[in-house]
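Quick one: this structure, given as structure tokens, is what I'll be asking you about.
Per-chain residue numbering starts at 1, and chain names A, B, C, D and E are given in the order in which the chains are listed.
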Amino acid sequence: MNEQLLLGLLVVLPFLGFLFNGIRFTSKNYKLAGTVASTASGLCFLISLTLVAKLIGMPEGERVITSHFFDWFLAGDFSVSASFLLDPINAVMILVITGVGTLIHIFSIGYISHDERPSKYFAYLNLFLMNMLILVLGDNLLVMFVGWEGVGLCSYLLIGFWFSDPEKAAAGMKAFITNRIGDAGFLLGIFMLFLSFGTVTFSEIATRLPETAEMMWTGPITLACLFLFIGATGKSAQIPLYVWLPDAMAGPTPVSALIHAATMVTAGVYMIVRMSDVFVLAPLVMNVIAIIGALTALGAATIGMTQWDIKKILAYSTVSQLGYMFLAVGVGAFIPAMFHLMTHAFFKALMFLGSGSVIHAMADEQDVRKMGGLKKYMPITHFTFLLGWLAIIGAPPLAGFFSKDEILWYSFASPAGHWSLWVAGVIAAGCTAFYMTRLMCLTFWGESRVPKEVHPHESPVSMTFPLIVLGVLSVVGGWIGIPHVLGAIIPGHPPNVLEHWLEPVVRMLKPEHASAAVEFALMGISLSVAGISAYFAYDFYLVHKDRPTMVTKKLGGLYSLVSDKYRIDEFYFGRIINPLIDLSKGLWLYIDINFIDKMTYLASDMVKGSGQFLRSLQNGNLQQYALYISLGVVVTITYILMGS
Amino acid sequence: MLGAAIPFYILSFLVLFFAYKTITSPNPIHCALHLAITMINLAFIFFGLNSPFIGGVQLVVYAGAVMVLFVMVLMLFDLKTEVRAFSRGLFSSFLKVASSGFLAGILIVGVLMSTDMLDVTSDSVGVGVKATSSTDIALLLFNQYVFAFEVLGLLLLLVAVGAVAVSRIPGGTHAND
Amino acid sequence: MPMTEAFLNVGLNHYLILSALLFTMGMIGVLMRKNVIVILMGIELMLNAVNLSFISFSSYSGNLNGQIMVFFVMTIAAAEAAVGLALAVAIYKRYKEINIRFFEQLRG
Amino acid sequence: MGVDLFEITVNLVKMIFIFVMMVNAVPLLVWVERRGSAFIQNRYGPNRVGPLGLVQLLADAVKFIFKEEFVPGKGHRLVFYLAPVVALIPGALAFAAIPLSMPIELGEFSQIPLGLFTIDLGETYGPYRFAFQGYEIGIGIVFVLGVSSLAAYALLMAGWGSANKYSLYGALRASAQTISYELALGLSLVGILLLFNTFNFKEIVEIQSQALTFSFLGSQMTVPYLPNWGIIYQPVGAIIFFAAMFAETNRLPFDLPEAEAELVAGYHTEYGGIKMNMFYIGEYGHMLVASALMVTFYFGGYTLYPFFTPETVNQFWSETMGLTGNPVALLSSLSLHLVFMVKLVIFLWVFIHVRWTLPRFRYDQLMDLGWKTMLPWALANTILTAVVILIMRAAWS
Amino acid sequence: MLLSLLIFLPLVYALIVMALPARFSRPVSLALSGLHFVFSLVLLARFDVTTADLQFVEQMDWVKSFGISYFVGIDGISLWLVMLTTFLTPLTILGSWTAITDKVKGFHVAMLALEATMIGTFLAMDAVLFYVFFEASLIPMYFMIGIWGGARRIYATVKFFIYTMFGSLFMLVALIALMFMTQEMLGGQMSASILDFYKLEIPFVAGQFLNSQTLLFFAFALAFAIKVPMFPFHTWLPDAHVEAPTPGSVILAGVMLKMGTYGFMRLGLPLFPEAVEYWSWLFMLLAVVGIIYGALVAMVQPDIKKLVAYSSVSHMGYVVLGLFAFNAYGLTGGLYQMLNHGISTGALFLMVGMIYERTHSREISQYGGLAKAAPWYTILFVIVTMSSIAVPMTNGFIGEFLILLGGFEANPIFGAMAVLGVVLGASYMLWMVKRVFFGGEGEIVTKYKSAGLDLNIREAVVMAPLIVLIFWMGIFPNHFLRGSKASLEHLEKNMRTYELGIHNPSQKDQSEKYSMAEERGE
């Protein structure tokens, strides 16, 4: 089949699914809706596989499929075409998106079965899929931006899916607006790039890059990258715009898994990787990205340690992991970033789905303090969750181990890296191990704290099947990117397939003097840190249960600060949003009503006043009129006599 | 010379005196009567200016009709002698008198100054005492000024209708018609 | 004796000055009096003063147009008096007085 | 006034004479009226004082003069007193403007022959031309109309000055009536003015002193045995004029202002004595004026073609009687004056006769008659006259 | 004849409606205005997109001694505005089917007369004719607000009228001044033709306010700025919108505001190039202030309609920003945003009107949870909201993107500040959506829920074309942009020496025209 049709179908199929479910959105036939949506998604996955297979079949270095659909819009010399581009970078992405997406679609069938409007839900999911594919497939920044905003829109719709709850609706709104801030940055980035390069198409930017880079002061590029990065912070929940993601957990859990863990939030990473050629020309921005990534990883991880809501913990974990990815791109490790993106998609989707399964079983209870001992009620969930746990804390040889370790290594060794970044990463990894173990202990292990009226049960097959698939992927997903040092010592010398795949298209900053010994040492340190903190968590929450409170008391203010999420939300509300609203009210009351309108009234009053004055002349007193006439006559005659 | 001067001065004096009385008499009826006398005297001045037709018309129209109307209306109103005949306001009164006086002064000065500019003979030429003068007036009126004359006729008709309409307000004498 | 001659030789100027004085009197009447009807009389006085000038000009320049003008003025004066008195009657019916200030009530 | 003392004296005397004549006509007229009314009503009338009661009038005059002077309490003294005086003026002025006979054309003379003896004047006077009237005014008609329109003042002043509602009503009625009928009066005269083409009484009379002459489609028609009187051309105008004159004089059937049944005596109510008498004089003066105007406009004035015209009378005195010079002028004039007086007396009698034979109008009938009957008729008459004259004269030129 | 028919046929329709009994007013005026839209499609089909010249020109003397003529023509700038007018009118008439129950006949007559004057404004190529139509359009709108408006309608309508009139008078003065200038240029014969105005070289001194070009420019700019409305002159708009009946709001926001920006494009920019260049910072500043200010104030409005009205201030700020950026992007975006705003804000007003018709309330605080009671309504509303906040694939995005790009190129600072408006725009619209549609049931929703708050068929029919256009214009903007491309490029490239030629497309080859087939397919 021809590629254009396939690429088109990638978008059209979810759109058809969306239309089908969207038009009958009031239907409660979740099975039909789910089947259609999952079929669309599954077909997409198959198409993606076909396309990737085609890509593999191409000679190395020329692996690119482009497809031009129509000219989108032209104005002056600005022209954008609606066209897609498939190359190794987004090949990974579309596989992840359609693959994980399909699994989540299937999972959702069971999950959403009790809801009022399952059709609507699946419609949104398909719409999201479509937009996500547009995002990753777009061959220029604007098409990408279409998907970029489109996924934001879907995220808004899905977070606010249970809109009757004002908080959930507010969470959706918050997500959209926060994303909008990022999008504004993204737009500015596009402008800067367009004004610098005269085009917004990736390939043309790449071709013009060398000349432009030589000719020009890199200021605009730096600025452009900075703006693009702002866009990325919005979409990918980095400091300072991460605040929407924890709130986004208000949406259905599969949505959290798909959008807020596996796919959408990684769009920022994808974008930076896609633009890596440009970004490497702006080392300053790279440093900023790395620092922001490290801070985010660390900060979110610490918050994660103090949360009690199962989804919130996972959400902060997601933020933290995204921080890792940004740390990676910040130090120029684009391929590890993509690698981590992929593995993270697997295990985080798994954990979210697992938590969804738990929540489903617990009748929508999300507080881990009311769980515990679920292991015996839901063994499959527990087992798959366990795999996810191991993967995320970086237990070898699961997926997370390879990707995370490679990031840490690059952050230490890359020319853009620094040891402090590595330290932050390691501490974050420790925290990750701690809160994830804590989550396992509180949820699945130990004695049950489940309320009497709740009867936890294992989820149906449609839900456990994706869990199992993802569990397997969490285990094996990392094996396509085994680092060279490890590959060298492992039997069979598995190659770093991913790096090999991406290398022709991604320019990575290689460590200048890589030393295997150092790398092993660092790996050991991070592993042991993770292991120790995992043990601590186990000790705290299963063995000595009084210790957490003790530690909490000791930490005091620091603890409450962290458990209050560093009071960032409060800061935003108290210092930015509320003053803005007050300002707006002030503007309305004082500028609009009391100033501009008053000015117009003043003008009219002046007219009125002069009218009043003239009216007092014209007071109906005829004799006064006669006096005016006589005065006029006198003056006129005098003037004439004087003049003659 | 003297024969022309004496009647003029007598009539002038009468005119001015009764004009003065007209504007100062506190009783409106007296005002009206004084005005009537002024008019009659003026009519005689007109006769003296060889304009007997206009003089007669002055008698018929002004003295005989308009002033009778005034007097009638005044008598209908049964007005008493006014306590305050003049409008209030010291400053405006001053202005009024001053402007009037100034105007009179200017007019007189203007008249005296412009004596030489007027293309008139020093003596009354006399358009004609003869009855032909009224014929001449008629010819002028019905030839050169016929349009104005017709318009005036129309105006009078309108005024007649208007005056009746204005005075027939509700509560008037014909309210029950 | 230029002075006496000026007085004895009654000419156009004398009539004009008489007219000016008469006009002024009428004007003072219009300006100062309260009573509407007296004000109307003042107007009549002014009109008469104007008539007098017309007549004297007409007479001294041998031009009949002045008399025609006077004729028109008289007609209009009659009309004006009729309307003015009708208004005065209306005002009187309403207020039992014909102060000029009541004409303020005529404004819309 | 005149070029020398003689002329001035004569003119002044003439004016006074005419005024006195008018004043003295009043007692006579009153007597006639009383006797006439008595005759009509089949009774005697005044018959005790003097022959035929003629001296009654003198007695009345004495009584009037010696009656108590009386001013109503709230009356306006000045106005009250002025009113009767003013009442005299219009009549007197108007009557004085009407030619009572043809002018007396005197040649140069230095002595006055008085039959038996002659007054030698010592210097030569003349020539003079004395109009047989108080004064001669070129546009007599306008003047008379103007002056007689002033009559309303007297009524108003009397009515208002009396501070009596009957008086006021009477005065208002009178002045309204006067003004209303003045329109018809003036309009009815337009026909005459159009016909005779002049404002001048003398010229009007002179035209009327010929045979009936008119042009019709270009040809001049003369009817030798008919006088060229206005009544022949303007019968409708004459009737309207006469009726309007009745109204102007406030006599029956138009005496609403003094309708004794309704208003006591109208504006006379508060008057008595000599003041009342002055009103009478004014009223009869008006009658005189009305009759004189009637005679002048419609009945040939002081001429009576074909018997008494200036030519025939002159001829009679100079040729038949053989006189020459000034006496001819004097006697011709006086004889024509007699003609005038006869005509005048006839009309005065008509006035009196009407008064005692017709009933009074109601006020609305009066107004209807004035505005809805006489005015349209007068208007129609005017228009018709104008059209006819236009047609006739158009053929001329 | 085509353009004259386009202008004056609505008046004929109005006469027809006037002649028929009131019960026929609605269907007849709907049918006739629909017919008129079809008729305007004929114009579109015959329009030649390849040239920037005026087409379908008609010219005849009106007041010869002053050089005033009846001169109409169309080019790429006015094309879409005319189409927008003819498109919105039948929709508004259908939309007001049940909203207007009082004086139905008069309303439809006013509506059709309004259509005529608006089309006339966009087509007039004679300055005096333009002014006449520009002002005449106030009259039906004045009645529309004054008769069928809300409680404070008299205040609002007077404010609206006086504000606009005030500005226009300055324009009139400037216009007369220009006419005198043409007299000098053409050697005695005055001309009010805009084409002759273009040929004028009006003296300009940089840095001074008191020179003829600057003064004339500001006189025109004041008139248009009030009409748009730009920031300090905007306060009539919320009042007018709040008090206007739904169809009045739709037409006011949808078309009438564009008269101001159209005026800038037709007269303001090409006539006074130096002044525009010199003073563009001021207008961009005001535009940016308007964008942000409008958005901020919209955020705190308690009344939905007022919110939408303030959002209009913000959106029209974008248009002005685009125009004064004066590059191809800005101009294209400005023109496009005019259409977008017409459609999306028009749709918003229609929808607000629909719910108001049911609940008689526009207080945001009384709503809540409407999404459950009126799901279809909610969906359409959210789609329109997305268009309004410029989500890609809706029309709003194309316009705003181009404007921001143009603005950014012309002045990065203002461009960047204007981008802030994108965020604020999303904030106020979504906050409103959240408060009205989501959350718990508001009192008014509970009260009227049983009566059925969702759309009926008629309203769905009204909204359908708008929704279709929102996506059509968002996904295939070239179908629309190519109609005005030549004109806009001509305007941008020849700013200093802007002139318009005239040519009659009927002599041209048929294939070069804007054919319907092309529009559908491409």
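Basically, a residue touches a chain if its C-beta (ideal position, glycine included) is under 8 Å from a C-beta of that chain, and two chains touch if they have at least 3 such contacts.
This structure is a prediction, so every number in the text was calculated from the model and none was measured.
Here the chain-to-chain distance from chain C to chain E, counted in touching steps, is 2.
Apart from chain B, the touch network of the chains falls into the groups A, C, E | D. Averaging C-alpha coordinates per chain and comparing to chain E, the farthest chain turns out to be D. The greater number of contacting C-beta pairs, out of the two interfaces A-E and B-D, is seen for A-E.
Chain-level centrality, scored on Cα centres against the all-protein Cα centre, points to E.
Set against the C-alpha centre of chain C, every other chain centre is closer than that of A. Note on chain placement: the centre of chain A and the centre of chain C lie 96 Å apart, centres being C-alpha means.
The geometric centre of chain A is 123 Å away from that of chain D, both derived from CA atoms.
Inter-chain spacing, taken between the CA centroids of chain B and chain C, is 5 Å. In whole angstrom, the spacing between the mean C-alpha positions of chain A and chain B is 100. For chain D, residues touching at least two other chains: there are none. Under the contact definition stated at the top, the residues of chain C that touch 2 or more other chains are 27, 31-32, 100. Residue positions of chain A touching 2 or more other chains, listed in rising order: 623, 627, 630.
Under the touch rule stated earlier, the contacting chain pairs are A-B, A-C, A-E, B-C, B-D. Residue ranges of chain D in contact with chain B, taken from their complex: 76, 79, 137-139, 142-143, 145-147, 149-150, 152-153, 156-157, 159-160, 168, 171-172, 175-176, 178-179, 182, 186, 197-200, 203. Interface residues of chain E, counted against chain A in their complex, comprise 159, 162-163, 232, 234-235, 238, 293, 296-297, 299-301, 327-329, 332-333, 368-369, 371-372, 375, 379, 386, 391-393, 397-398, 401-402, 404-405, 408-409, 415-416, 419-420, 422-423, 426-427, 430-431, 433-434, 437-440, 475-478, 481-482, 485, 488-489, 492, 522. Note for the complex: chain B touches chain D at residues 29, 33, 36, 40, 43, 47, 52-53, 55-60, 63-65, 68-69, 71-72, 75-76, 78, 129-131, 133-135. Chain A contributes residues 623-624, 627, 630-631, 633-634, 637-638, 641 to its touches with chain B in the complex.
Here chain A touches chain E in the complex through residues 25-26, 70-78, 82, 142, 145-146, 148-150, 153, 156, 160, 163-166, 169-170, 172-173, 176-177, 180-181, 183-184, 187-188, 190-191, 194-195, 580-581, 583-585, 587-588, 591-592, 596-597, 600, 604, going by the rule given at the top.
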